[in-house]
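Pasting a structure below so you can have a look.
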Amino acid sequence: MWTDEDTVEVTIEGDRNVAVLQVLRDDPKLNFFYLADAAAVDYGPTEHFEVVYHLYSDRHPVWLRVRARVNRADPHVPSITGLWEGAMFHEREMYDMMGILFDGNRDLRRIYMSPDYRSFPQRKDFLLPDDAADSSAAGVRPLERPETWDLSRLSDELAPGVLAHVEGEK
Amino acid sequence: MTSEVKIPDPLDLDRDEEARLRRVAGMAPERAPAGEYAGFESVGLPERPPQTEREREVYSLEEGEMLVNMGPQHPSTHGVMRLVVKVRGEVVTDVDPVLGYLHRGIEKLCEEATYTTVLTYVDPMDYLSSMHNEHAPAIAFEKLFGVTAPKRAEYIRALVVELNRVFSHSLMMGFLALDMGGITPILYGFINRDEIVDMLSAISGQRMLFNFFRVGGVNFDANDEFFSRLGTWRGHVLKNVEMSERVITDNEVFRSRTIGMGTLSGRDAIALGVSGPNLRASGVPFDIRKAHPYSIYPELEFEVITQPGGDSNARYLQRIAEIKQSINLIDQIVDKMPHGAVQAQVPGIIRPKPGRAYAAVESPRGLYSVYAISDGGPNPYRFRMRDPSFVSLQAIPKLMPGRLIADTMAVMASFDPVMGGVDK
Amino acid sequence: MTIPGLGILKGLRQTARNYWSPKVTNQYPESRPTMPDRWRGRLDLIYDPFGEHKCEVCFQCAQVCPVEAIDMSGFDSTGKRIRYGLPEIYDERKDPNAYRRAGLPAAPMRNAARWDEEVDTSWLHGVIDGFGGRPEALVAIFSAVEERYGYLPERALREVSERMSIHWAQIFGAAGLGGFRLLPADGHLVTVCTCAACSFAGGGALLEALCADLGIQPGETTADGSVSLAVADDVAAGALSPALRIDTMVYGPLSVEKARHVVAQRRKAPARSKAAAGTAS
Amino acid sequence: MDFDLLLGVLRFLLATTLILVLTIPTAFVVIQMELKIIAGSQLRYGPNRIGPWGMFQSTIHGFKVLAKEDHIPDQADRATFTLAPWMVYMAAAMSMLVIPFAPGAIAADFNIGIVYFFAVLGLSVVGLLVAGWASYNKYSLLGGLRSAAQMVSYEIPLTLSVVGVVVLAGTLNFRELIEWQRAHGWMLIWQPVALVIFYIASLAEINRTPFDMVEADSELVAGPFTEYSGMRFGFFFFAEYVALFIMSGIMISLFFGGWLAPWPFPDQLDGFIGTVYGVLWFFIKTYIFIAIAVLLRATLVRVRVDQLMGMAWKVLLPLAMVNLIVTAVAVLVFKL
């Protein structure tokens, strides 16, 4: 629980987010009926992820920020498209950018990157082939070097849990 | 039974096509490239991930249906938007928006830029309302850094933001008519826009990507050239808006094409996350300037306007009402503008204390909010932008089934998405 | 569909009235728009009264530019070249010829032509004037020089470019492409093409095979002086990759065995020695 | 040897070549008018660089289209692909034969002029269908079918409204129709409903703005003309504008008294001056209606396909029927 002049913040565990948001939305006293924003934050290559929901209620003059922790090894979070249909695009973007899997989301596929893109760009430890420019092979056009094609081969521990999902063997 | 239709991967098509042509021409089969491209074949292409439920639902065709691509390079004026429309004859049965054609990874870029440079990166996001794009990060960074902009700076900010809203809405009226075949209102919209853009370039120096806001204030003070242009513009703007209204608002053909088109009830709108004029057109009085006042809006008197209809026509009328409301707001702002400094004392590179800030702003397309996290360094640790048209695009697949193809354009234009913001 | 009533007529009245109202467009070339004085759209680098750029290459603008749109290079106060941008473009051209011209140590030329060969310029001027100094006669002039010296000496080419006032690079290009010998090789000159197309199509293998076969490296001559090997980036063979040129005859596309056979066969034929008259067979 | 038959054929040939030559400049003038009027109503100048006040802009358009390479898609059916534009253009040109420019100056004074006109107008529907089918492109086929459906469903109210006029005037010949109007006053007074129906149906017949679903950019790229380029597309392009000229011409001959001058001026003069006088008034009235059609294009939004069809069958057709019955009854009762 933390507050400043216009935001109240609550931190909860990842798998309880549907329950908490359900209460926040339906309880007439709280009445946080509008989901303003759902964002994902990566706290570092060894740290955890966080899915941050911002809610608005006409009864309380503050934004409510609900931070749900997600551990990095298997980034699974229940999807809240049940509560708000509008969260679908938010969750697709979080999956596409950070590689967080939302269980129960009917349409979890990439929204910005191409469907067969193998890695997750907004992670803190994302290695873009071009970044290999400062590696020994600088100068040679990195994108045409075939070994940079499959980014997972570059650093296998990049996204173990997720790539398994992508290759289909759950 | 729905047959599983495998969409041929374009890359395979080219390769087989070339092999066929070589066989037909009796030439030698394609030689394995030597030298640095040797490994190209061995890596092969990663195959597509398995289809999700929704994907299977959209891409499996019953008989009599076909997939039409309202492709990325589309004659309508919304930028690079691709709609895969499942059509049975003339009637649309399902729509699947495909995004990402204008994705520049602005959020990732901002993580390596200093706080001042971030304000230049966000301009091209929603290129029809650049002032709003800069307003939200400016407020968020001021919260993080703990500086407050002087009074006059806040007034100038509100002034340019409302001017930006006026020209964005007058453009929307033009786009809506253009998508349905009317070619005149778009030019009246651009007449109005060009005057305002000249005025904004008088104050900020740029015509479209203004780069005018700074953390803790504004870049320049409002000079008298800006006020003289504002005066002449204020003189005939209402006449201009009425002129373009007279051409299409009561036009029976226009009304028959928009009334009852894409009707979105208030409850669905909230569930889908639609915000701004599109939400208020469905009767929900939710305006961030009133619901969560920022900058100087508490000191201005204005009511939240809503329209009962919830269809394309209501969204169009809502835009007109908001133009008039913004003009009224501009009058109040100009009357109450105090004198004084325009920029607070802020070091060149600001290093805010570690913390989080959330700032929401009422942009012409809806709730545009920024969630910034700072870790004490010169660059923001995480810079998240919520674009209103990105979220309100989810309403299109809900509204379109059952309508005709010609209406997809009308409903799309009434939501007025700007792809720069959607694809970030 | 409602009967078209008042709305359409109101719209028509408005557009008709607009037809006669004053227009908005300003005719660009004739009437230029007046830009506000704070207009940042004009990039003009200011000159100081001595005509020099005021820019001292301090890279401030390049560093601050958010989209890295500015690259530049220049000299600092000690005369050293400094740059903000890609080395290939903005660094001193590390071109061996440039270094050789500046007298700096540079990598030896792959097939060095002989510099100091003296050339009888009076005979050369006679030949050039004989052809009236017309550029079309360039090939004839080259073949005359080649007959006299067995190859085209650098000094001769410079004299020709001086006399006919054709730029030196064009002369050198014409000579190279025309299939003339640019280096004093005695015996048959075998040139293997190493352009991108040829190397792509297996030119490298061809070169190794010939080197192994003749027992020499490019730029040398075999012990009995009958064949000398050279490498050129372009043997004017067009698309016949991989290509090979012996004296003036171009062969391609060649597999390794065919190349060996051709070289062996040409080797038997009499070489065009230095003093041999007559054009190539 | 039957001499006057030979003379008649010769006169017919002369008339057709004259008309064919006349259609090109009319197309240029109508295109120029459209460019200028739409520009004016959008508060801009429109073309003013080529020629004084940009007068040669449309002529240059014509020659530019002539210079473009007209490519035939390889799977297209070559014969019909080349035939289609010719058919559409001939429909427009041939129907010009019957237009009563002035008392002496009617190219072919058939006594069944009106029937001939609508018969030939139907030909352009066939042309569009053939164009849509021949260009082996899914969208142009759709466009072709849609335009055929639209034109067929609007031809019926068009002809029905004219039948009302013919019943009243008692003649199918344009010249006699105009004589009738000289005697009894313009048909506009007698048949206002037929005029409204005729105007709406004629706009739909030539795919002008409220009804230009044929090349609605948002869905079908350019309707049946997608695959055409160069002079073939030029034919379609000119045919549309010549058709606009013809429709206005026919409308004023049917309803606004062809070459008759309005009230203050003398109706008709005879001799050569009379012909010039008639032609002058004919062109003034025609170009007024062309200007109105162009203004409509500047103002109105496109009508949707189902509204388009609904209006034809549910509104215009019954209205035309009623009008016809009323006229018939009136003729019987008052023995006009």
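Chains: A, B, C and D, in written order; residue numbering restarts at 1 for each.
Heads up, the rule we're going with is that contacts are C-beta pairs under 8 Å (C-beta built on N, C-alpha and C of every residue); 3 or more make two chains touch, one makes a residue touch a chain.
Computed from a predicted model, the values in this text were never measured in an experiment.
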item	value
Centre-most chain, if every chain is reduced to its averaged C-alpha atoms	B
Busiest interface, counted in C-beta pairs	A-B
Intercentroid distance (Cα basis), subunit B paired with subunit A, Å	22
Rounded Å distance, subunit C centre to subunit D centre (Cα mean)	62
Distance between the centres, which are taken as Cα means, of subunit C and subunit A, whole angstrom	52
Centre-of-Cα separation between subunit D and subunit B, whole angstrom	44
Contacts with 2+ other chains: residues of subunit D	41-44, 298-300, 303, 307
Where subunit B touches two or more other chains, by residue	184, 191, 247-248, 251, 253-254, 256
Multi-chain contact residues (two or more partners), subunit C	1, 3, 8, 11, 14-15, 18, 24
Pairs of chains in contact (touch as defined earlier), listed by label	A-B, B-C, B-D, C-D
List of subunit D residues in touch with subunit C within their complex	37, 40-45, 48, 295-296, 298-300, 303, 307, 310-311, 315
Touch list for subunit B against partner subunit C, complex	31, 33-35, 113, 117, 120-121, 184, 191, 198, 201-207, 220, 223, 225-226, 243, 246-256
Interfacial residue positions of subunit B with respect to subunit A in the complex	36-37, 39-40, 42-43, 45-50, 52-55, 99-100, 103, 105, 107-108, 143, 270-274, 286, 291-292, 356-358, 360, 367, 369, 371, 373, 382, 384, 386, 390-391, 393-394, 398, 423-424
Complex contact set, residues of subunit D against subunit B	38, 41-44, 209-210, 212-213, 216-219, 297-307
In the complex with subunit B, residue positions of subunit A that touch it	4, 6-7, 9, 33-37, 39, 41-42, 52, 54, 56, 58, 61, 63, 65, 84-90, 97, 106-116, 118, 121-122, 140, 144-147, 149-150, 166, 168
